[in-house]
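Presented sequentially are two complexes of chain A, the first with chain B as partner and the second with chain C.
Entry: the complex of A and B
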């Protein structure tokens, strides 16, 4: 009994001494003020792939923000919105109620729309890198910001196709909001350049693209097939094209196509295929911030940085910096964060980031990268290119 | 135009064969136990991920994954049956809720284990084009179609000629009468679920070789399988095949003659039309009349 009491007392003294020692050590440092950023991401459900990549970029950005800021720190309160708009709205309400100073949105215009509406009603700044619909910036919201948009993707693709001067282009577009909008915009852009365009919209549930490709092969006879779709659609479309072999010169796509991951998983389908990109592969990051991001990301997730995680990284960095600025001038608690967001003017891995009156980034534009035997060569625009486009160039 | 329609018919028949393979297990459990297994799509998906596991880890052709898929999926299917069998009241309704919940659990388990990335075979052999005159298909599709037809034949023979098959039909017709004839319904239902699991295993591996899978695919598979089961009419194996082919051809022709955006809508219109005109399904109605 006595022995037990002595042991307990010794343990208590040791713990107290340790705690006091730690306190004494910390006393020398100014205590950092920590702000909570709320985030809703589709970690499960149909958009889980995008949500998980977004989460990775966001977490690395928070690490980097905190590493360079002794006075202020941020932490993330993350909720899985399960790829559904209703869950996203509930998540925003809960995050705001739990004290988040701002919200980082997940993925998909149909989810971001209602979630950012809810955030605006609660007076919380909302930033996204996963919703490109034009409608989102026409709502007059004062707290909504995004770093990428439909116009940027459209510009990148139209520039490449315009430079190649094809006579006919067939666009295969998912009926989901973002790809459908992109297809509509591209149709107008390309027709304005004198190119004949046909559009084939498809339901996202489609499993066999051969009937569409066969129509393109026998009726449209285009020079280029343009895919406004998502990863799983690209695989189905290119497979169907590989089977039917339409007489085209190039397959072009949009987001998440010109990535090392796609080549690693589908090497027989990707060679010479072109997609939107902002970095060549092997990754050549020139900025110090980009190099640090690539390094921390590799350490944390044991892989190279990728398209979606980079988008999320940039939006989180922009938000962190605005929070720190607002905290510094004492306006954070008084609704000053939106004003600080509007003052953003910085370079990033995606180019210059600024926000106009609608919260959109007018500078957003992407390059086009071509798969080349496991590498990704930037082929357009000429100012960003590190190689010539292989044209004609097909995976088969 | 003739070339377009012929290719559409050919593609529709091939995809219909695979739809049938996906729907067979659901149709069997529905026929034997009057239970709509809303986790059936997830069982198919689980088998597809077994194929991915074997292909990515060993470099072997995905069809070598069938033994592993059989063991894993049949075990899960058996566990599912044990849970369903615990339901004592309103089994048909409560099992819907239970299997739906199990489907969600399976989807998220797959998401946790295999991540959210989409998966599909990288086998050049299975992706190669095969032509029959002016008609084209992927080799993986042809193999999946043949597999589907063979399995349907085996299942049909099993139900018609084996003791267990006849017992399944007896329990399906009248559970109490079957019990009076010395059949143990619980055992027969276990067998039905195990066979449904086996069919899901083949379907999942076949699906992996010709399509793209990701954790959220399971629910869409269940819906497709359910539509085909209802189109076919309860308890009809040829009905499942014909219903699936009809759905596949309708979808392919809609893409060719109208718009690909209307493909799913056309399938649902067909579904509603059959329900309206033949409430017991294509073959259910014929059996009743016969």
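Entry: the complex of A and C
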């Protein structure tokens, strides 16, 4: 009994001493300084899925940044902007008032425009990967940055179509802002290459695309149908084309089309369809950072990295690094973050990231991926391709 | 014992009522200025600005319903036209913003002329017709891209200016401008209601046929109400455009601008003047401040529950609740007096 008591007392003393020692060790270690990054995303409503994907990429980036930085840490303060400009502006004001050192923007130029204006008035750096309007960078804001733009999407698609040398292309474009802008730019690009282009605009409320496809089949007779639209529209357009079977050689689309999710959900519609992409599937990431991102993302969300989360991962990494640099040189509290953002020059999953005087990333350009029986093969540009494009190649 | 004849007591009661009304109005304006006096944060002022814009729109909707007997499901049309007109006038013709805003209201009024044929309809038919007009204007704004910028919208147009050294684009400045507009249109609404035209209009809302029989030109009066309602909605659309600094068809003509004023007016009590104003402020602030802090994602469910409870328990809205509360107080006082007299 006495022996037991002595043993218990010894154990208790040892544990107490251990704990005290650990505390003393912790006290000796300098405490990391934590900065808050504000973010507003559409977490409810029709764009909720995009907002969630952006959030996942951000969280993984923060995890990775914190893991490699013992001196500085970051955390995200996220607000649902409900895809409403006034609420996005309120979110920015609230985040700034709550001490965020910078803001990560949501989705759509209609939201990003007013929100980044408000951020600029408050002197906070604002970065986005969800708005491609050219107008945003013409405002001369000193605190506005973005990693992707309309020109990058346009370049990726125009390179592929130019290489295929079709005679005629029909563009089916949603009247929503981003697809309409892309269609406008592509029309000019392709016409400059001597390709005859016809644009068919449609209201986003349309779900039956057979009249447009019929017109294209009987009137335009193009080699390629290009879709400047969103996920639901692609499905409607390809389904209508599968029924009417126009005599075309390729169906090309843009964002959120060349993704594993689209093939999983619509395997009968996706084979041979081409869309913008930056990674093949199964995912083959060459860079160390990309491999780590894919690994942490898989651990956290139990799925492969996807398009929007990769965009937000890259923008958050760029912002975190600039925050750490500004904190290190003591300029973070004095408005030096914008200057550090302008000094950014790094490789990423999207290619090289730099910012010009307007805050735009002039190097942004996407590859084109083709659905092939559940895989996605990068087919253009040649420098990034890991396979040849199947042309002619149709889902039917 | 003194006896007051009904002929003399009516003006006395009316002047007392007017005095009380003026006092109430002054009190409310002071209350509305409190956020400025207490140095509210830009965030809180931003929420109040959005709430007041909704108040103005709800007031214009309630005016049409209360005085014209017309239920509109398409106020987004006037709101959108006013916003585009003002932004374009300021951006393309260089019209000063403070002049462009009322002109935006004028253009919204002109656009409402296209809706005059719908005045022949009533009830749900009128509501649906005006909803269709809102869609037409949205599509026009998308298609006329040489003028409106199409789907890409407008981003670079002037915001509110600096006036007498006060920056109206600043949160505090914008708040005062929007508040002044809400007060101005509320006063117009009160004066209109009290006039003979207001009496005729309320009669039309009750029974259009009966008022026609006594010689009231119901169509003309309803047209005037449609114009006034469109003007008010257009002015608030213009204000919103210059404060937010971005316009696109889907936003300017969004269904939210048709639905939210109805919810706000019904919540506040659309038969009164203050009801729609307070209804808008209460539901917006409740949703954005209280509900959002309790449930950051999906907080709208709380607003839905509150609305449902309100409609079930107080069909006349906040205004009805307040009136019931005061009437009860007066009744208690009167009964106390009569008991004391006894």
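Going forward, the second predicted complex is superposed on the first by the 371 of 396 C-alpha atoms of A that agree within 3 Å, B and C clash if a C-alpha of one lies under 4 Å from a C-alpha of the other, contacts with A are read in each partner's own complex, and residues count from 1 in each chain.
Just so it is clear, a contact is a pair of C-beta atoms (placed from the backbone, for glycine too) under 8 Å apart; a residue touches a chain by one contact, two chains touch by 3 or more.
All of these numbers come straight from a predicted model, not from anything done at the bench.
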item: First, second, both or neither for A:165, with chain B first and chain C second; value: neither
item: Touched partner set for A:80, first chain B, second chain C, both or neither; value: second
item: Touching partner for A:177 - first (chain B), second (chain C), both, neither; value: second
item: Partner chain(s) touched by A:242 [first = chain B, second = chain C, both, neither]; value: first
item: Partner chain(s) touched by A:44 [first = chain B, second = chain C, both, neither]; value: both
item: Partner chain(s) touched by A:303 [first = chain B, second = chain C, both, neither]; value: neither
item: Chain B versus chain C as contact partner of A:207, first or second or both or neither; value: first
item: Touching partner for A:334 - first (chain B), second (chain C), both, neither; value: neither
item: Chain B and chain C contact sites that coincide on chain A, given as residue numbers; value: 44, 175, 203
item: Residue ranges of chain A touching chain B (in the complex, touch as defined); value: 44-46, 48-49, 51-52, 83, 175, 200-203, 205-208, 210-212, 214-215, 218-219, 231-232, 235-236, 239, 242-245, 261, 265-269
item: Complex contacts: residues of chain A adjacent to chain C; value: 43-44, 79-80, 84-87, 89-90, 93-94, 97, 109-110, 113-114, 117, 122, 133, 135-136, 138-139, 174-177, 179-181, 203
item: Contacting residues of chain B [partner chain A, same complex]; value: 3-4, 7-8, 11, 14-15, 107-108, 111, 115-120, 122, 124, 127, 129, 136-138, 211-212, 214-216, 220, 251-252, 255-256, 259-265
item: Residue ranges of chain C in contact with chain A within the complex; value: 41-43, 46-47, 50, 139, 142, 150-153, 155-156, 171, 240, 244-246, 248, 250-251, 256, 288, 292, 296-298, 300
